[in-house]
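Chain nomenclature is as follows: A, B, C and D, assigned in order of appearance, with residue numbering initiated at 1 for each chain independently.
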Amino acid sequence: MSTDHDRLVELRRELHRHPEPAWTEFWTTARVVEELRRVGVDDYHVGREALADARLSVPDDEELETWRERAREAGADPDLLEEMAGGWTGCVAVVEAGEGPTVGLRVDIDGLPREEAAGDDHHPAREGFRSETGAMHACGHDAHATIGIGVLEAIGETDFSGTLKVFFQPAEEVIGGGRPMAESGHLDDVDYLYAAHVGLDYPTGEVVAGLEGILAVTQFYATFEGEPGHAGARPEEGRNAVQAMATAVGGLYGIPRHSDGASRVNAGRVGGGTATNIIPEEAFVHGEVRGETTEIRDHTFERARDVLEGAARTHGCSVDLEVQGEAPSAASDEELVEVVHGVAADHAEVTRATRRGELGGSEDATFLMQRVQDNGGLAAYVGVGTDHPGGHHTATFDVDEASIGIGVDVLTEAIAETAERY
Amino acid sequence: MSTDHDRLVELRRELHRHPEPAWTEFWTTARVVEELRRVGVDDYHVGREALADARLSVPDDEELETWRERAREAGADPDLLEEMAGGWTGCVAVVEAGEGPTVGLRVDIDGLPREEAAGDDHHPAREGFRSETGAMHACGHDAHATIGIGVLEAIGETDFSGTLKVFFQPAEEVIGGGRPMAESGHLDDVDYLYAAHVGLDYPTGEVVAGLEGILAVTQFYATFEGEPGHAGARPEEGRNAVQAMATAVGGLYGIPRHSDGASRVNAGRVGGGTATNIIPEEAFVHGEVRGETTEIRDHTFERARDVLEGAARTHGCSVDLEVQGEAPSAASDEELVEVVHGVAADHAEVTRATRRGELGGSEDATFLMQRVQDNGGLAAYVGVGTDHPGGHHTATFDVDEASIGIGVDVLTEAIAETAERY
Amino acid sequence: MSTDHDRLVELRRELHRHPEPAWTEFWTTARVVEELRRVGVDDYHVGREALADARLSVPDDEELETWRERAREAGADPDLLEEMAGGWTGCVAVVEAGEGPTVGLRVDIDGLPREEAAGDDHHPAREGFRSETGAMHACGHDAHATIGIGVLEAIGETDFSGTLKVFFQPAEEVIGGGRPMAESGHLDDVDYLYAAHVGLDYPTGEVVAGLEGILAVTQFYATFEGEPGHAGARPEEGRNAVQAMATAVGGLYGIPRHSDGASRVNAGRVGGGTATNIIPEEAFVHGEVRGETTEIRDHTFERARDVLEGAARTHGCSVDLEVQGEAPSAASDEELVEVVHGVAADHAEVTRATRRGELGGSEDATFLMQRVQDNGGLAAYVGVGTDHPGGHHTATFDVDEASIGIGVDVLTEAIAETAERY
Amino acid sequence: MSTDHDRLVELRRELHRHPEPAWTEFWTTARVVEELRRVGVDDYHVGREALADARLSVPDDEELETWRERAREAGADPDLLEEMAGGWTGCVAVVEAGEGPTVGLRVDIDGLPREEAAGDDHHPAREGFRSETGAMHACGHDAHATIGIGVLEAIGETDFSGTLKVFFQPAEEVIGGGRPMAESGHLDDVDYLYAAHVGLDYPTGEVVAGLEGILAVTQFYATFEGEPGHAGARPEEGRNAVQAMATAVGGLYGIPRHSDGASRVNAGRVGGGTATNIIPEEAFVHGEVRGETTEIRDHTFERARDVLEGAARTHGCSVDLEVQGEAPSAASDEELVEVVHGVAADHAEVTRATRRGELGGSEDATFLMQRVQDNGGLAAYVGVGTDHPGGHHTATFDVDEASIGIGVDVLTEAIAETAERY
């Protein structure tokens, strides 16, 4: 295949230098659109045209404007920036190539709000493409966006017949962008959908045709409100929000296991109170529940709601519960797994083609997969191995750039073959 | 004073042989009435005529009938037993002795549901008047009833002018008899009220004119109901009543202290569940709250209610909360304390007359005291010291019979002087 | 096949009339031995000769002697009763039938400590073989023991060549008998082992060749000991065992899920304290943990140990933790599953032969299975369907006697074929 | 009395403009020393000469240096600043005035780390002496320090004979300065000690000769440390510090009441964890316990220690417990109360002289009072009423400057009379 891998590596490095967290992918989206124009894709939909009104965990206006301004300074197209005001980022690219089914590819594009490693043993630092924004592409979405462009470019070199849609999805890290894109309408005619992720402890050269064990997840933020009181002089006047929170933590972890499959609960971040001598008036739990199926997740979340409200009641407090992100579970369809596996097994640089493997986490591509499957289509979540020195989400995460080409090749071939076969 | 102390000792021993727990004082009440007739008191009111309809912790019919039958076999007056059907025990005796105020004396008459010691080192066992009923007078109420009779007998030998009412109150041990007697109407014309208790770690020869620190109390029984489930096969189907109970226990002890005075909480007896492999469907807390004032007790109980309901909600259970006994706090009035202190200080066998001392517990005489005080009258709670080998409520508790005479003398004199002075 | 099914039904009914709980199977063992003699098996090992010194949950001497005396009165062989003194019940029967492998069959023989239904709609009551001991065969072990005898009788009519051992295991219901029998030495030369259970919601006519999902389990009894105190007068003197228990309950249910598979925790029965006004001095948790693998169970139990000790420490109490029963997980080997499935599929009365099915609980046959598998042998746990009106362990449980013959036939054939095939 | 009250008001306002939090009273101490020199007191001891090596809650070096630099810029004496390096603030002033006892006066000098109100309805803002440091004198210590200077100035105008020591104590707000000053040696020859506080809801014109109800207090910071784990992929690997903290919160509030008097517990500020999908590795409780007596406080703190260690153990974590501040309880001696009451009753501007009143909080002057009382001396804690628009520690707290003169007068007179009378 003749796609210019060097160009793709350069693009990936440019994206890596400009990571933007969830819903602030202003520069990134603009850069993606620039590439679309370059490769001749002129049917694309940005922001409000790519997303339904169902975004979660959108930052406040000040935060959004700070990043939009930064994108402007970094040279992003002012018209696009105008269009994306308010955090309407991401885009959908469409290529019509004759008769045939509609095949989709979903890639995510957001970075993480964390510092990147600066030492010489960190490849991006050494090679001069370390993050310049304070955020970091610590989960490989720079590679994902690049692969999306690569596939759009390469598809023309195959005998693909049909329609290809590439979904450049924002806000995956807060599991906030999947649902609005799934409900945008652009998925409604998609017959086959691929989603892809690099790394996940699979080495360069391995391709997993269908990643499993994607847990449904709901992230929530619960705020307890009570009444303050002087802890020495008037303890009885307080309604203790920290007590309520502590009772809730105990109750959350005590939600029963589910016999239909795995469930998870975590009160990952908590806090409350202001000073040793004040009965705490406010406290919070920032937590999540997961389930091997969406039903298990829902069951567990219903229990969590009971716990939070009961714990508040126990200590005379009120509680406000906000869902901040969610994604269902989803499974890869056997037919597409077979396609990817076959393609991968034939690829020269693929040293190990696996049918099934574990993801062991959550991901909101499931919203898009579910949409397609609900409409009678098929979907698969493909793992593209890449050697990564640091773990996902850590300061030393990096992608082996050799895997980008593999990802482009395998996905392009799989898309072409899918259109042909079905 | 010429009261026949030997007769009183005999009476006390007879009562000691026939202890009856709360609301089953059938034989005891009948025996008291027999004594009233003997000493010439013919104005007395038994059961429904002595109590308002506010009894708490009445046993079930089977239990009541078992004890009533036992009383019949022990020779109690069948007409009185008929009158007392349903656990309407206790009586009020009235002596009108000319012009003057109405002075009351409250004594309690119930035993405790516990085995009595049988060893030779236990005086009642050695002397042959150990309990024959399976229950036990382990708190000296046999002495209290005897003192009540003694005072009725002795008052005639004083120059008392006025009306004397002696309240033989049932069901003190479950703090269930005070309120119905207080609301019976018989207290409404009482100007001055004395209540008395023997022992309480004060030795024979000591008299405490006004016992303080009587905590208001509410005893409750909370039953949690959830749903069962097989712990191995279907844990998610259960709504775990034991979890709810455990959360409630944590919450109850976590009710804040009160800056207006002492409070207490205790989950004294708890339980739940049936087998290791069943998610528990039922659980209970049998507990109590106390307060230095009735307001503190009420505040604490309101918090307990929140806790119980909140804990149930937390684990998807329901809770049923029943108040099983209660008594307010009450304080002894200085005027009566002075009267008792003066009388006691002059008594030959009183080696130590104290104005104030601590009770350190709860007691439902407070309902009667409060009633009198609310009507503008005065009240005092008198401690009559008695050496007791075992602690109150233990199997080896016993009363030094020498203290019975002291109690009769001091209270009779105090009643007479009260009528004279005020 | 010509085994006399009527005889077996009679035997089952006789066993049903004499249920004996764990470690008191005196009459039952003696009756089994009587049958062994009848069918000509003279190589058998009773009690201490059938069990290693690893029994759990043995009742106290008084309880044991009560049941042994009852067995004597019911006509059990006095010599055998002597041999079984101290609760050494159960037996192993051995039949040598020429060259060939050693094949084992494990059946359990104990009843449950519960009342049996007495109504006419309960078959054993209507037909006059309702329990006469106060205990109940509410889980079909009467049928299991009968099947064991039936197989010993029927094996001679097949062309079985090898050694057959039937393990009549006591004390399964407390998961206390599996390990001592597994470690007795009698398993050490067993090449293939079958265990069987009737019912489990599989109807008459269905045979499940390999039951799965047998969770490893540990049952424990934790006793918290603190110090008492008067809840009103001296709350600070108490060390509150109920608080410790409640904290432990919270902590136990809060033990984290395990990513390697299912885990379970239950505090199935708890209690503590004596009276509302006493700070509770004692409390207990009777609970269990389970795991899809023995490792998960062990991990979870280690966490439970931390919780129990930590909770005691939190409230100044001590805790005593006793393991009362345990069983590992185990899986059925594919080879034996195939044998059973083939035999069952060919049986005229088997309407549905299934390869794999769920048990969804725990069972200590796993100790024996594991022993054989650890020695390089194979094992399978076979489900023999039976219609049962009431659920397992309920008062109206009963076995469809038609399933006994099916069980005997299928297991006998499977044993014979196993010896032939391997 | 002729002390120049206007000068004192000016001094108070100057101090109000320069509030410095605990252990950073560099400018304040230097300003006090300047005043000492002005009024002719040349026997004074600063920093290390005024404090034993027992300081608690000293800020880190960076914080200390920031404030010291700020003091330098504000014109503080460089030699004194040098002496106070490391947060050795505060001073003791000594005036020898002939034969007689040694009488002490303790005033505190630190501000609070909070913003001051800026509105025109806030007197210091309106009059131009609002805080310039970011901290705030929100508890009247500016008035206290001023009163200390005023008394030193005024004492010469009385017939006082003896030695006067004024203790300008740092770090009262973190209850960290009392103990080091008490153990400095300067208290060892003090026969009579007064401490004073303005406000506390007593209005201008009221003087309370002996404030009671000063609860002993211990402030602590407990850090739980566990192990992280991915909440979705590997929950069993975590040792959950937030669970430990939550269990600790439950346990802390569940510490039993004490029958000897009031106790208090508060987990005033808590927190833990980093993200919803990580099992929390760290958590903390910043809390306090109090007692009506030091013994009750100690008993309660011992229980708290059990709770914290037990909670850590329950969840497989470790805990580090640091005491950050503490003060004993203390009572005012009747003799000194009489002196103050007499003096106050005679003062023209005192409209209400009270013998006893409630403080209802904690305060580390008790360390100094206890030191004197342990040596056989007498001590009293005097309340000087002042109208204050906002509550103590709030942004709108202010002192009615008329009360400064009253404080100076009453304390000076009381000191003089104490020396004379005893």
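The rule we apply is simple: contacts are C-beta pairs under 8 Å (C-beta built on N, C-alpha and C of every residue); 3 or more make two chains touch, one makes a residue touch a chain.
Computed from a predicted model, the values in this text were never measured in an experiment.
Shared contact partners of chain A and chain B, listed by label: C, D.
Touching chain A and chain D together: B, C.
Taking the CA centroid of chain D as reference, the farthest chain centroid is that of C.
Between chain A and chain C, the centres computed from C-alpha atoms are 49 Å apart. The mean-CA centres of chain C and chain D are about 68 angstrom from one another, to the nearest whole unit.
Measuring from the averaged C-alpha position of chain B to that of chain C gives a distance of 52 Å.
In chain D, the residues that reach two or more other chains under the touch definition are 233-235, 240, 243, 247, 250, 253-254, 256-257, 259, 264, 279, 360. Of all the residues in chain D, the ones that touch chain C in their complex are 229, 233-236, 238, 240, 243, 247-248, 250-251, 254, 256-260, 279, 299, 303, 306-307, 309-316.
By the touch rule above, chain B contacts chain D in their complex via residues 250, 253-254, 256-257, 259, 262-265, 360.
Taken in their complex, chain A has these residues touching chain D: 215, 217, 219, 230-233, 235, 240, 242-243, 245-247, 249-250, 253, 264, 266-280, 283, 286-288, 290, 360-362.
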